[in-house]
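These are the structures, in structure tokens.
Look for chain A in each of the two complexes below; its partner is chain B in the first and chain C in the second.
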Partner chain A sequence: MRIPILKLHDYLLISVQVDLDDQTALQFQEDVLNKIHQEGSRGVVIDLTSVDMIDSFIAKVLGDVVDMSNLMGARVVLTGIQPAVAITLIDMGIVLEEVPTALDLEQGLDRLQQELEG
Partner chain B sequence: MQVQTHVDIHSEWGIVAARQAGRKLAREIGFGSVDQARVTTAISELARNIYLYANKGQIHIEEATSSGKRGIKIIATDEGPGIKDVRRVMEDGYTTSGGLGAGLPGVKRLMDEFKIDSEPDEGTTITTVKWLR
Partner chain C sequence: MNQQIRELIHVHKSTITDEWMKEVEKFREDDYLQSISDTVYQNTNREFVDMLFNTVGQEGEDVKETISNYTDRLIQLGWPLNYIIRGMQEFRKVAVESLIRNDDQTRDIEFYQEVEDWVDEVVNILVGHYSGSWENTVFLQKMALKELSAPLIPVFDNISVMPLIGTIDTERAKQIMENLLTGVIEHRSQVVLIDITGVPVVDTMVAHHIIQASEAVRLVGAKCILVGIRPEIAQTIVNLGIDLGKFPTKSSLKKGIESALEMTSHQIVEIEE
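Moving on to the complex of A and B:
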């Protein structure tokens, strides 16, 4: 299973709408990095509105994708994390440190613009 | 009638199947969306541990009742290498797999009851319960 990655000018837009198994999550990580490289993208928005569970493995994959993209020179913003998911992550003691987030896709794009200009 | 379900874990797909089964049962028992996420996440962590450390095992999920309370009970069983130092695996950030080390201590915090039975070279059984509030 592959998660579609859309290109919009300098940005990549991704909406995760499947129940992430480990293999899909790792494939996604690789696909994002390859797409950044291929398109020369400066920013990425990963929208998690449809994701109803993030466990420690998926949290690590997402945190890593942010760090890896930063290494390549692209900024990543995570958007749309559901209340139940946020509560569960904090319950678990998982803190996505220094990961930019925003409420929704629109604010995520604004956030990216700030990050890249500021 | 008591509801229960059983998922064999022998691939990564088993992890997804177990958490989908768990969410369905948690919803049927009457848990709200936040507790459904807690239960589903706990199952995902337990199933992944089975796959990662024992290669295969089972996740058994059933309705739990105790003196008027209702809840969901998850039993994760494997015949893997066992946990040598149970105290150690319950420490935040301790990992032998390169993960976040949030798995088992995380499950304990997400759920209301949590018990590990593990014998080196014989296997591990983790029993955990979440009660309806």
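Moving on to the complex of A and C:
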């Protein structure tokens, strides 16, 4: 199962619509980085609206994706994290520090614009 | 209870009642009991003792029902449980004294046990009812508190305020976090102001809960500003070594709103007349 990555001008849009398992997450990490390399994107929005569950491993992978993409020169914004997911993450002590977040895709794109300009 | 004892109790009814009334008068010290008039006090006592004698002739469920009905009335009137229980203890003494005759010990012991069982059953039902009514009160208050607990109020586009009033414990903190997060999504807030003006004490635990809540808010994509930090709270926070450096704090809600407007690129301007 691979997660589709859409290109929009300088950005990559990724909507995660399934609960990620470890294999999918790692595959996803690889795909995103390859796509950034291929397209030379400057920003990535990962939308997690339909994700109900994130475990510590997935959280780590997501954090890694953000760091790795930053290394490759693309800013990443996580959007649409559900309240339940946020509570679980906080309870597990995962704060995803330094990772920009936004309420939804729209605000995520605004945020990305800000980050790139600022 | 066997027939013989029942009859005996009924024969001695008036002596037991009089003795008992005399005894309970001695510990009528509760504020509530002091405040009611003597007639009401006497009448209720008499009713209580009559109710007890009524249960003598009854079995099982009937006893329970008679006492339950009467207990509900006592609770409504606000008679203290300790008075009632002491009353029951006196009642046992008085009843046993008037029944025992000292000529036949086995019979006396039997009497004693019967009276004991009877009184115990009544006491159990009384205590059960009283504690039930207390639990009920506590439950209702808990619900009321929950309803008042943590509202999230949208004040401008994308700006919401959550005023917190009263002590924050773990259970409430959990609820605050849930309300905060669902509210943020529902109102599409970008900035949330948590107002702790009404929180009397901020210790490490409360600070921990607030930090967690604001981290969670950040994850769902909004920002948190902590407002309403009174001087004494600022002192405690620093003295306890709590690090609130990661998110912005302001002394008053007004200042918080100003900086929230700034963050969402709004500002309040005066209209020129």
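The working rule: the second predicted complex is superposed on the first by the 118 of 118 C-alpha atoms of A that agree within 3 Å, B and C clash if a C-alpha of one lies under 4 Å from a C-alpha of the other, contacts with A are read in each partner's own complex, and residues count from 1 in each chain.
Heads up, the rule we're going with is that a contact is a pair of C-beta atoms (placed from the backbone, for glycine too) under 8 Å apart; a residue touches a chain by one contact, two chains touch by 3 or more.
Note that the structure is a prediction, hence the values are computed from the model and not measured.
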Of the two partner chains, chain B (first) and chain C (second), which one does A:83 touch, if any: first, second, both, or neither?
both
If we overlay the two complexes on their shared chain A, which of chain B and chain C does A:96 touch? Say first, second, both or neither.
second
Just chain B (first), just chain C (second), both, or neither: which does A:57 touch?
first
Can A:107 be said to touch chain B (first), chain C (second), both, or neither?
second
Check the residue A:21 against both partner chains and state whether it touches chain B (first), chain C (second), both, or neither.
first
In the superposed arrangement, which partner chain does A:33 touch: chain B (first), chain C (second), both, or neither?
neither
Which residues form the common part of the chain A surface touched by chain B and by chain C?
82-83, 85, 87
Can you check the complex and tell me which residues of chain A touch chain B?
19, 21-23, 52-57, 59-60, 82-85, 87-88, 91-94
Contact set on chain C toward chain A in their complex
177-178, 181-182, 184-185, 188-190, 212, 215-222
Please output the residues of chain B touching chain A within their complex, sorted ascending.
12-13, 15-16, 19-20, 23, 33-34, 36-38, 40-41, 44-45, 48, 92, 99-100, 102-103, 105-106, 109-110
For chain A, which residues are in contact with chain C within the complex?
78-83, 85-87, 89-90, 95-96, 101-104, 107-108
